[in-house]
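Presented below is the structure to which this report refers.
To keep things simple, chains are lettered A, B, C and D as they appear, and every chain counts its residues starting from 1.
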Amino acid sequence: MNNGSEMRRIVTAWVIVSVIGDLLWWFLVGPHIPPGNMTESAHWNQFDFNILAVTALPVVFMVWIWLGYAVVKWRDKPGVPDPVGGEAAKASRGVQAGWITITSIVVVSAAIYGTIALIGDHGSGGGEGPNPVWAPEGAIAANNAALAGKATWSPAGSQPLVVQVIAQQWKFTYRYPAFGGMETDRLLLPVNTEVVFDVTSLDVIHDFWAYQLSVKADANPGVNNVAFADTKQQGQFMVRCDELCGIWHGAMYNSGRILSKTAFMAWATKTEAQNAQNTKYLPPFAWTYTPDANGASGGLYPDGNVTPYSPYDVYGAKQPAA
Amino acid sequence: MTISAERPTEATAGTASPAGPRSGSSWTNRPGWMSQHLGTAIVLGFLGYVFGHWWGNYLASGYTYIANNGQNGVADFLGLLFMVIGWLLGIGALNYPILKLFGREPGEETPAPGLSRYFRYTLDHKVVGMQYVVGVLLFLFTGGLLAMAIRTELLNPTVHIFNPGTYIEIVSEHGTIMMMMATSIVVGPLGNYLVPLMIGSRRMAFPRVEAFSFWIFSAGYMVIFSALFYGGFPTGWTGYAPLQNQAGPGMISYLFGFAVIGIGMMSAGFNIAVTIVNYRAPGMTWSRVPMFVWSILATASLLTLATPVLFTAGLFGLLDHLVLTSLYVNEHGGSSYLWENLFWFFGHPEVYIMALPGFGIVAEIVPVFTRKPLFAYKVAAAGMMGVALLSFFVWQHHLFQSGINPDMRPLFMLTTELISIPTGFIYLVGMGSLYRGKMRLEVPMLFCLALYFNFLIGGITGVFLSDVPVNVTVHGSFFVLSHFHYTIMGGLVFAFMAGLYYWLPKMTGRMMNKKLGLWHFWTMFVFFNLTFFPMFIIGLLGQPRRVFEYAHNLQGLNDFSSISAFCLGASFLLFFWNLMYSMIINPKKAPANPWESLGLEWQTANPVPLYNFERIPVIVTEPYRYSEPGAPAYADFGGGTGAGAGTVGSSVQE
Amino acid sequence: MTMSGRLGTVLGLFVVAVGLIIWVLMGLLTPGTPEGVVNFVGSSAAGQPVNMTIQTVGSIGFGDHPTWVSYLVKTPQGKWVHNTTWQLPANTQVNVTVLQYDSGSPLRNQQWGQVTGTTGNVASLNGTSYSTYNSYAGNGVGHTFTVPSLGLSVPLVGVNGNLSLCGVAPCTLKQPHNTITFSFKTPAKTGEYHWQCFVPCGLGYLYGNGGPMSTYGYMGGFLDVVQQ
Amino acid sequence: MTDTYKDSLTAPNETPEEREYEFRAHIGSIWTGGRLAIGMSTFLYASEAFAYFYLRTSNNSHLWRLPGQLAPLYYGWTVLICLLLMAGLANYGHRRLKKGFTNDFQVAGWTGVAAGLIALFFQIWELVVLPFYPGSSGYASTFMGFVVMNIMTIVFATYWMETTVVRALRLRKELGGANPELSSAYPARSFRANVSSMSYYMGFIAIVSIMFFLMFYVA
């Protein structure tokens, strides 16, 4: 068998397997790839995953077929000719150049596509820091209005809904500035609405992961990490902490729900009334709530700036703080 | 640093005896139990711990915060610090630096022959290499046992074997021990043993630094293990602040352990990089350097330059813990982002510290078994150096969802995906070398092929992870966990196994049993994939890392993964049995060059003499000239050992 | 040495080494595991309410960490034990009495000042019922008893910190304390439900959540709900 | 394990060419090692500088630096001057050594070591007289990190310098008597390479000291 026909065989097998694999993936597997279609970004992130998958599958098949062929055919067994030697076996300029060119093109296009998807989809549901640059229309304005205490939301309009996610060891709670700044321990959202999540933490780093919404943003103490989600379907979704936050990290989950706009409105107004007594004790809505590094009982850092400083006072005070 | 001219001093002094007249007393030479060895190290290490702990209690038990929380981290830290110092003193690692302070130059310390030299501080790179073999296997087995514990807990979504605190402790300890092990698993044993042999050198550039690196590596094992005595640490191997600052004294073991291991990594990398640059045999130009040495050079450079950043990060953490600075505490002017940046600035090069040696081993072994030259040598070398360089510019891809510099995400997405170009070179090289070869499926070759299989999955999923939109779903989930197990275990550990099966005949003069080896390979390969492939699905279905409770619908997959993991553990027992059986119980003498390799390391006498080569070889041509009848031998041994060898099989010696 | 001798030596050493490693690991890892559970199943007739009495103390006064704050529970036999895994029958009303011996402070997150998930969403403080407690007033809140997945949360109002507080558990009724009572119904679905305190009360730890808050058996545990 | 020593205790008879080849590799190692040590230290200090500028720009809780907060300036000056002196003397000594003035090298070396020890003492003592507590601000915290790092580097640099001068004292004969610069003996060549690497490293110390002095005491 000559060189050419061997390569033809391999390439033919590769093309067939790749086409079949890609088609199977795209039509059978792809639609079931998480995170599903509950939000706009979930939809596009699923699409993005599938784009990468159909790009990656041929690469995987290429290597596997090559390995398989090599193991079967290019073995040390009777009848197999001695391997080629000399310069030809050491390097082929064409193959190297081709490989480098093709991998570069694939890789750079993947990066370009990823960037387009990221920007076009307003950060794809990922945490965008305190000052998001890729925000949906009106979201920043709504978020600023919330800080000024002027947040509103009604089922009729199309205003974004601002929700604050407060992570603490080991539970998420949520504040709705449009409903009197009430705080709840359940996350309910209206459908067909742009939701602005202001994610922050009261202690260590957590990560707010609303799985089916395709929203993931680290909750950092003293930092507001903003993420967006455009809800599309009603239903239940899972919220988990995705950054190791200590002993009860594994138990830091609960479920949320996307409701119809009217049902959400009904729930929100009812809860606002129920919680009114507690809401009045809450601090005004803010991006972050600077926690006391010392916790409830203190006893770690000395309070305030100790002047004049003496190591003895800071470290070796005779009477331990109560 | 120990910069000196031991051999030249002795040479010009004109004495044949290794210990010249001006030598200081060298305790490591003394025979018997009076000398310094592992025993004295243990004793002094223990005494150091007791002293440090007492001193810490004396100093700090009255500190306000310590009186409040009732856990004296200062005592624990000082205990560990003096334990390490005592350990180094006891083994004799500090003799030379101290003597040097007084201008005394001990001669070359030739350790006593026999088994006992493996328990001593020694200047022979081959002994250090063997010590490292035992050291990394100890790390590997400890970490592996903890992995079994993790999988046991995950058998059931809500019924718990361990309480959540203990579970996090196990997870963190497993991750940290394995990461520490993986930085040295190839550079330590194989790098130290083989690099001088492969570059035709009689010695390392700084043998004392080399030996020091091993003994501080072993001290690091004790330090990180000590975390369990202090109640563990809850942060995983990434040690994110401010959870780190909140944790108890177990965290000090983690921070100090990484600092100690970091010193070991820096010194090992420093010595090896300098050796490769300077001690190559005459004629070994950069285009004639074996590919394994290239990979070790790239790794050593990363070790030397990236680890200081980890050291700083650990130092900051220790300061936060011990003297209440606030480097990682936002409320007092610090920043939790600071740790994330420093840690990953080291952490990403570290990922390649754990990948490159594997590539090197494979590129070294594949030509031997396909009887073909290495395809695209220059591309392979460029790939390794390219990966090493690019790895400094990708660290933020661990922080896509963190809110740090979110507008930089496209840039880091690009750099991360760019790094798959040089990584892809390894595949070009491997596939090109397989092309129309004459492959012998020996155990090392099987492990190499498995690396190509596994690392492909690991690498491709890495591209998924680097894509920010997809990262939103998979970040921090079991998908990531599976990805890096595919690269580190599927890549590096498989390559390490290939290296052991391939080079142990040289290192010990004994062959590994092939039949057991095949059993080991197939069980490890199959169960590795059965353990970790389901984890991609588990991750995609929404299970975060490091949780002790998960969704009920994932129990089937988790159980499958757990049971496969137990079988994978059994496969390691099989390896251990093979190692014991072939090396100790029923040793079979290995042929001088069992794989018919052209590599320089196989041309020295077996067992390898103290100075490796009778004559310094002169390299006359490129490596890997297989299947070239009439090609000259790789090296000219000038009539010394190895003369006449160096071409193989049908090749004709000219 | 003969081959069988080497075999025996290696196997023997292997067994010793593995045994040693497992012994050390288990020894280190098990002290934190719950030494059994405090079983309330069968403490009353099936379907009848279960009574449970627990206390919180500012410093437990014994054990490895005498300065740590902790929960204690009274077994159905009437003995105070330091254990936070409590076995309860499913689908049953539980009447809880909490003896709160610790002082309080303003809450970091006033959300935990609400009583939720109890029967009638109320609890009783020394006989007075309350559904929300303003933690900025009075003695503040010392701890909470919260089961997140059941939506159950009760703020445990602090006692006056100027009194001489109990420092060694178990505390007696003579020492200053608040008695908080409430009832809740265990879920029908069995399983281990995590409960914890949401007041960062770990003295001398960053954000107050280290030490006792991060160690099993002090300020958090499991409600192990089983079929009766 | 097979025994690799039994057959090899008699060291091979090196040919002069081999000896020279290995020796040149040894000199090269000192050169490379010295530069690599600078590289490592650069990454070490760069990460400290990164922390400084990171905390300074993020200014979390407005606590980068409390008003009027400054590390003890006179201590800073003393450490800086001593380190510059040490670096300068190392370079001066190196140049004098090349020209053959061994005594100048000795005097410069010992003075440099003394300067290093003084710097070390003040750097440590500065911690005792700090006018602020370490956790009071980002500045205070990074300053603590810098001081600890600097202590380690000063110890290392002074140690290196001390070993070269004490070696010059001990190995006078091997160094070629009065004129080590002329000696082609191996110890002398090795020694000169070592001093050269050391003085390069001292140059690095000087640059770093000035940079961090500006960062912590001036800016």
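In this section, a contact is a pair of C-beta atoms (placed from the backbone, for glycine too) under 8 Å apart; a residue touches a chain by one contact, two chains touch by 3 or more.
Keep in mind it's a predicted model, so treat the numbers as computed, not measured.
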item: Pair of chains joined by more contacts [C-beta pairs], A-B or A-C; value: A-B
item: For chain A paired with chain B, centre-to-centre distance based on mean C-alpha positions, whole Å; value: 32
item: Whole-Å separation of chain centres (CA-atom averages), chain A against chain D; value: 46
item: Sequence positions of chain A contacting 2 or more other chains; value: 203-204, 221-222, 246-248, 251, 290-293, 299-302, 314
item: Chain D, residues touching no fewer than two other chains; value: 60-61, 133, 135-136
item: Touching two or more other chains - residue numbers and ranges from chain C; value: 194, 202-207, 209, 214-216
item: Every chain pair in contact, whichever chains are involved; value: A-B, A-C, A-D, B-C, B-D
item: Parts of chain A lying in touch with chain D, wherever the complex brings them together; value: 222, 290, 301-302, 305-309, 311, 314
item: Contact set on chain D toward chain B in their complex; value: 1-9, 11-12, 14-15, 18-19, 21-23, 25-26, 28-30, 32-34, 36-37, 39-41, 43-44, 46-48, 50-51, 54-55, 58-61, 63-65, 133-142, 144-145, 148-149, 156, 159-160, 162-163, 166-167, 169-171, 174, 185-187, 190-191, 194, 197
item: Chain A to chain C touching residues, read off their complex; value: 166, 168-171, 173, 183, 185, 202-204, 221, 246-248, 251, 254, 275, 277-278, 281-283, 289, 291-300, 322
item: Of chain B, residues touching chain D in the complex; value: 1, 3-5, 7-9, 11-13, 16, 18, 22, 97, 100-105, 110-111, 113-115, 117-118, 124, 126, 130, 201-203, 205-206, 266, 270, 273-275, 277-279, 282, 304-306, 308-309, 311-313, 315-316, 319-320, 323-327, 329-335, 337-338, 341-342, 345, 508-510, 583, 605, 607-611, 613-616
item: Touch list for chain A against partner chain B, complex; value: 3, 6, 33-35, 41, 44-45, 48-49, 52, 56, 59-60, 63-64, 66-67, 70-71, 74-76, 80, 82-86, 89-92, 95-96, 99-100, 103-104, 107-108, 110-111, 114-115, 117-119, 121, 123-130, 132-133, 203-205, 207, 209, 211, 214-218, 220-223, 225, 238, 240-251, 253, 290-293, 299-302, 314-318, 320-321
